[in-house]
Amino acid sequence: MRKPFAITLDPGSSLANHTGTWRTLRPEYVDRLPPCNAACPAGENIQGWLWHAECGDYEAAWRLLTEQNPLPATMGRVCYNPCESACNRGALDEAVGINSIERFLGDEAIKRGWQFEKNELNGKRVLVVGAGPTGLSAAYHLARLGHQVQVREAGPLAGGMMRFGIPKYRLPRDVLDAEIARILALGIELKLNAKVTNLLEEKKNGNFDAVFLGVGAHIGKRAYIPAGTSMRMLDAVSVLRSMEGEAPPLLGRRVVVYGGGNTALDVARTAKRLGATESIIVYRRTREKMPAHDFELEEALQEGVMVKWLSTIKQAGESSILVEKMRLDATGFPQPTGEYETLETDSVVLALGQDVDLGLLDGVPGLEVKDGSVQIGANMMTGHPGVFAGGDMVPGERTVTVAVGHGKKAARHIDAWLRATAYEKKPSGEPASFDRLNPWYYSDAPKIVRPQLDLIRRQSTFDEVVGGLGERNALFEARRCLSCGNCFECDNCYGVCPDNAVIKRGPGKRYEFNYDYCKGCGLCAAECPCGAIRMVPEAL
Amino acid sequence: MAALSKVALICVKTTAAAASRMTLVFQIRIHGRGGQGVVSAAEMLSIAAFNEGKHAQAFPSFGSERTGAPVVAYCRLDEREIRVREPIMHPDALIIQDPTLLHQVDVFAGLSPSAYILINTTRSFEELGVADFVRGFQPERLCTVPANELALKHVGRPVPSAALLGGFAALSGLVSLESVAQAIRSKFSGRLAEGNVAAAAAAFKHAQAN
Amino acid sequence: MLKQIEGSRAVAEAVALCRPEVICAYPISPQTHIVEALGEIVSSGRLAPCEFVNVESEFAAMSVAIGASAAGARAYTATASQGLLYMAEALFNASGLGLPIVMTVANRAIGAPINIWNDHTDTMSQRDCGWIQLFAENNQEALDLHVIAFRLAEELSLPVMVCMDGFILTHAYERVDVPDQAQVDAYLPPFNPRQILDPAEPVSIGAMVGPEAFMEVRYLAHAKQSQALSLIPRWAGAFRQAFGREAGGLARSYRTEEAETIVVALGSVLGTLKDTVDELRESGGRIGVLGVSCFRPWPFAAVREALAGAQRVVVVEKGMAVGVGGIVSNNVRTAISTRPIPVYDVVAGLGGRPITKASLAAVLQRAMTDDLELTTFLDLDRALVEKVLRKEREVRRSGPIAEQVLKLKG
Amino acid sequence: MTFQPVKFYQTGTFTVGNRLLPAETRSVQANMRRTNSLNSGHRACQGCGEALGARYAIDAAMHATENRLIAANATGCLEVFSTPYPETSWQIPWIHSLFGNAAAVATGIAAALKVKGRSDVRVIAQGGDGGTTDIGFACLSGMFERNDDVLYICYDNEAYMNTGVQRSSATPPAARTATTTLGNSFNQGKNLPWIAMAHGIPYVATATIAELRDLEAKVERAMHVRGARYLHIFVSCPLGWGHPADQSIRIARLAKETGLFPVFEAEHGEVTSVSKIRKKLPVTDYLKPQRRFAHLFSPEVRTDLIARIQEGADRNVRKFGLIEN
């Protein structure tokens, strides 16, 4: 073509005009910390593994999940999911059912027989005391880091409070067993009925380079209740532990549980299943103030458990207790009213909290115990070099998930300590708060409700109450994730740039900005659904 | 052949004037009303002359007149190329398609006594009240044809232009009836053409008899 | 083949022989018969493939032609008068983009007052729009010029306007020689566009050009149009060879041998002028005629050469620049600016006023004795305009007077 | 538990891309090999809605026609920012003729293609609201009436932006422009999609830059119809409307969600589908972020005028049934 001068131009020749010089603000891709991840005591990369689950690549999801937490099937049942409370989707419709997806992945892993990858041993030996969640977690992470691990468990079975504190109807034992077995399959040596009494001696004898203490709180707290000799008084931990033994505990037809925590609910519901006609929780405050999770209370109430709110036990008689009515004062603290009532009962179970047996620590130099808790530094190490601790032993919330998190954190620090370095956590991004999102792009999608066992069976058997999601529903639920603060490759930035200044790098490779042409309008950042782009002023 | 001799006659008639090309041209002015085929008449006349090997130029008076308004069209015939574009101010022949125009428009403007006059009417020049004007004109060059009636008879509608051309062929001898018929057939087709040809032939006959 | 047909029909036949692929039709007198005839030819299937587009305005007509031409189709339209002005913007665009569109303009006056009759005000008003403007003397030339116009337009990639006098030519039945298809095909090869909108080779046509290159673009447009001055005689020569008759060219002299006075004119008035000059020659006048066929580009050299022997020039033109006078005459003056001879300007035939031999003869006789104002209006009713001017002067005075009278009355 | 079909909620139907969908059902804009018909390096303002809308539409049309497309462009922002000598941003055969003749030029191109038997190559005419609803209206109407095989796309940013924000017949009531400094009057309006429908042409649709997939579907649909088609795309103008550059899409979204800009499709003059409002919002949500409406809120809140604008939105909601049920 003999193109006329100036009037007729070659296609796309404007590439010679670098409009990037117009820019005063510069877009940058960021990975913000999603609220679920931030809230997870086990430090799971929830948003990350959901990303794989959304694609239907459940194994990849499970593998990413278990980089932080080796017990997804257990977590998916017993975790009180702070992730869901923090989930930004809650501000849209309902939080993503992270817990149920986690359970799905955990169950899928068991079903498919997925195993962890083993690492080369590095020659270091670590002793883990306690085969509860924190000990198993530490053992798992240490093993994956190449350390030779031995776990010493005082009890007859591994699992700790997961086995002896959580009823079967919440955590079927085959699930627990499968997950523990998979951890042990990493080459971890487990010694059962092997209570450690003298730590330093054990350490020395076993040539251990480091120790992790993960002893659970198995000693029920007592309260002083004037009682006749004949009233059967038990503590909740013992009741729950005996459920794992040969003979179930004898609680009678009328049972009173004293306390307002989840353990109280567990016991009351267990009593119901053991055939109690009346299972009554006596709690000194109101439902709103109850530390137990509301959904568990709701399940308990469905099953026929009753609660006497604003009540304390003043005295226990032969077959009855005296209950005093309380009222909340201005600060929300219960105050006695002097009104009493009598409650017929065959037994009273105290669910007032637990303590840890710290006997094994006697004589360990430098180790400090305060208010029944072992004091640790930021690296989870006690005052005695090489001795680390976590879980119920150390100050903090006592949940399975927190314990698992402690185990992981301790393992990383132990690893670093053994290498004579310091473990530094990768800095997490700024929080991906709801106001960072552009939620218009997410359409409404109600949360999937997990199936529940029918009530009759819930009242009479220890079958699992809450069912899991099928694949289809798990996928649906996973896809409700907003991917807060982390690019999920929705192509919005690539699409909405009026200057084609976003380069799409291909599946899984995200995007990059072409600063030759980016004018810095900020549309990409404004229209990023998940807040994974920020605008920063150009350097002067 | 008859047509050529007529041209020769015209030449003789104008020998008094300078022998310029101007004197060779024969100019016809047609008056009528919008819708009567005035322009078509001039055009057909030019075609008839062209059919006989002559140069001819036909053109309307370029008005924007609508149906019923007085309309003028012109036709020049020559043996040589016609270059002049001015309107015909001194016609050698006048065709009046509608006698009612006689007293409304100066149809006779620029007319010399040697001119031909053909009027579409059933009446005589006297009856039309123009006897005084044509006194001194050559009587054999004055002719009336009942073109409307002939058209009604042969075409079914009072469209006088074709019939008048037949009359003009007879009156002037400038073009043959065959050429006129051919011209009509180039403008119209089918029954309309044949009707008009028949009307022209009838008018030709009427004019010859006149 | 010789035919006795209307000028419009002759043009339509010529255009059809040129095988246009897109024809845009919008009615305006006195051009209408041309597109009517073309429409008839297209619907008869005689001209195929061809898209006959009934557009909604002249602006659209030219715009459709622009699109069609840019997409590689041979495009044609016709217009007149107000229609030409209505497409003025598109005219500049078509030439600016270098699109070889051919358009017939049936020359007609421009209102107000509205006037449907012939003069050259329409095309004269668009003389600077970048189109080549060719003027036809008679219907044969009108016909022939269209064949040449397509050849020229496509050779140069420039649009060409064929100007023919409205009514006088468009509505006149005359003898024309209509060439046959083979002859035209031999003269006019298929359109091979210089630039084309084609998905196989995309380009952007019609860029915005700023001060940094606009001068150069305009210069190149000027240079390109000037090229036509050498191409037009070449294509006129080729036409003569192929068709055996004269048509087009830049300018043609008639009886200018030893002429002291040469009359310059465009279009159909040349015929009347030639007859008039014949008469003047017979009475001994040394006078000739120069017919300008190509008004744009202005053939400086050809005009200068043709007028070389003249002692005076009379320009008879059907248009004028209000407040200036003749338009063609000014062009003539620039062509012979080195020779101080009088150039008389005779503005004639505005709005369809008949130009008669008698009037022409009279004015030319006065010119031959240099007894003529530099600008004359042929057959102007001088008494009438004097009267109107006088009245207007009175009216103009009467304003303040009337006010004063009112003031006096209190 | 009731069966709940898997939907792609996370990536929804609202984002540009969706890695979870089969490749063939993803948007054109999500494609790594999209044509970028309007390429980088153009000189549109930061955040230009028209540049975005044009690339969306033309890329989609290129996709639908397998890259056999020719476009005629009216004078205006789009033309000026895309083709200043010596560079053009267009990757397609493209012509700019005049302000008011894009539709006619396209008609000419379509006629040429028809003559040449290139029915595979399709023609688009495009322009802003000025070039469409005002100066180009006659040519557009002519093209419609003849049912020429052209898709005309109007990028409506509701004023003459190229010349510095003057009122057009598409400027909404109360909007301030350089020639309506007190706010545009409440006229009877010139609803071009409706006028296009009155021509009975095969396809008329409206869209916004906020709903890419809807826009692409309409272009795709339009390219599979022969005859005259009209697509009216609402494109925001940060400069002329006075909103931050990064709000262009949000403003367009609000125009739809308030009911001020109904998004629908029509065939042969009848409305055939309507894009429902997801969450009806008051017009003030749309008006407030734009400086051209600032006088409605300060120095005093012009509840009277806002109410009239709201009435207009509500009328649209009723007329088109913009709300589900």
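We just call them A, B, C and D in the order they show up, numbering each chain from 1.
The rule we apply is simple: contacts are C-beta pairs under 8 Å (C-beta built on N, C-alpha and C of every residue); 3 or more make two chains touch, one makes a residue touch a chain.
Just so it is clear, the structure is predicted and the values come from calculations on it, not from any experiment.
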A-C or C-D - the one linked by more C-beta pairs in contact: C-D
Approximate Å spacing (C-alpha centroids) for the pair chain A, chain B: 114
Gap in Å, rounded to a whole number, between the CA centres of chain D and chain C: 44
Chain centre separation in whole Å, for chain C relative to chain A (CA means): 91
CA centroid of chain B to CA centroid of chain D, Å: 65
Per-residue overlap in chain D, given as positions that touch at least 2 other chains: 82-83, 85-86, 88, 90-92
Residues of chain A touching at least two other chains: 6-7, 9-11
Set of all touching chain pairs, with the criterion as stated earlier: A-C, A-D, B-C, C-D
Contacting residues of chain D [partner chain A, same complex]: 1, 4, 6-20, 27, 29-30, 32, 36, 38-44, 46-49, 51-52, 55, 82-83, 85-92, 212, 238, 244-250, 253, 278
Contact footprint of chain D on chain C as seen in their complex: 21-22, 24, 49-51, 53-57, 59-60, 62-73, 75, 89-90, 93, 97, 197-199, 201-210, 212-213
Chain C residues within the chain A interface of the complex: 96-98, 157, 194-196, 201-207, 209, 213, 216-217, 220
Footprint of chain B on chain C - complex, ascending: 2, 4, 6, 29-30, 116-118, 138, 165, 167-168, 171-175, 268-272, 274-275, 278-279, 282, 352, 354-357
In the complex, chain A residues that touch chain D: 6-7, 9-19, 22, 54-55, 440-443, 445, 448-449, 451, 472-473, 475-476, 479-483, 488-492, 494-501, 504, 506-507, 514, 516-517, 519-523, 525-527, 529, 535
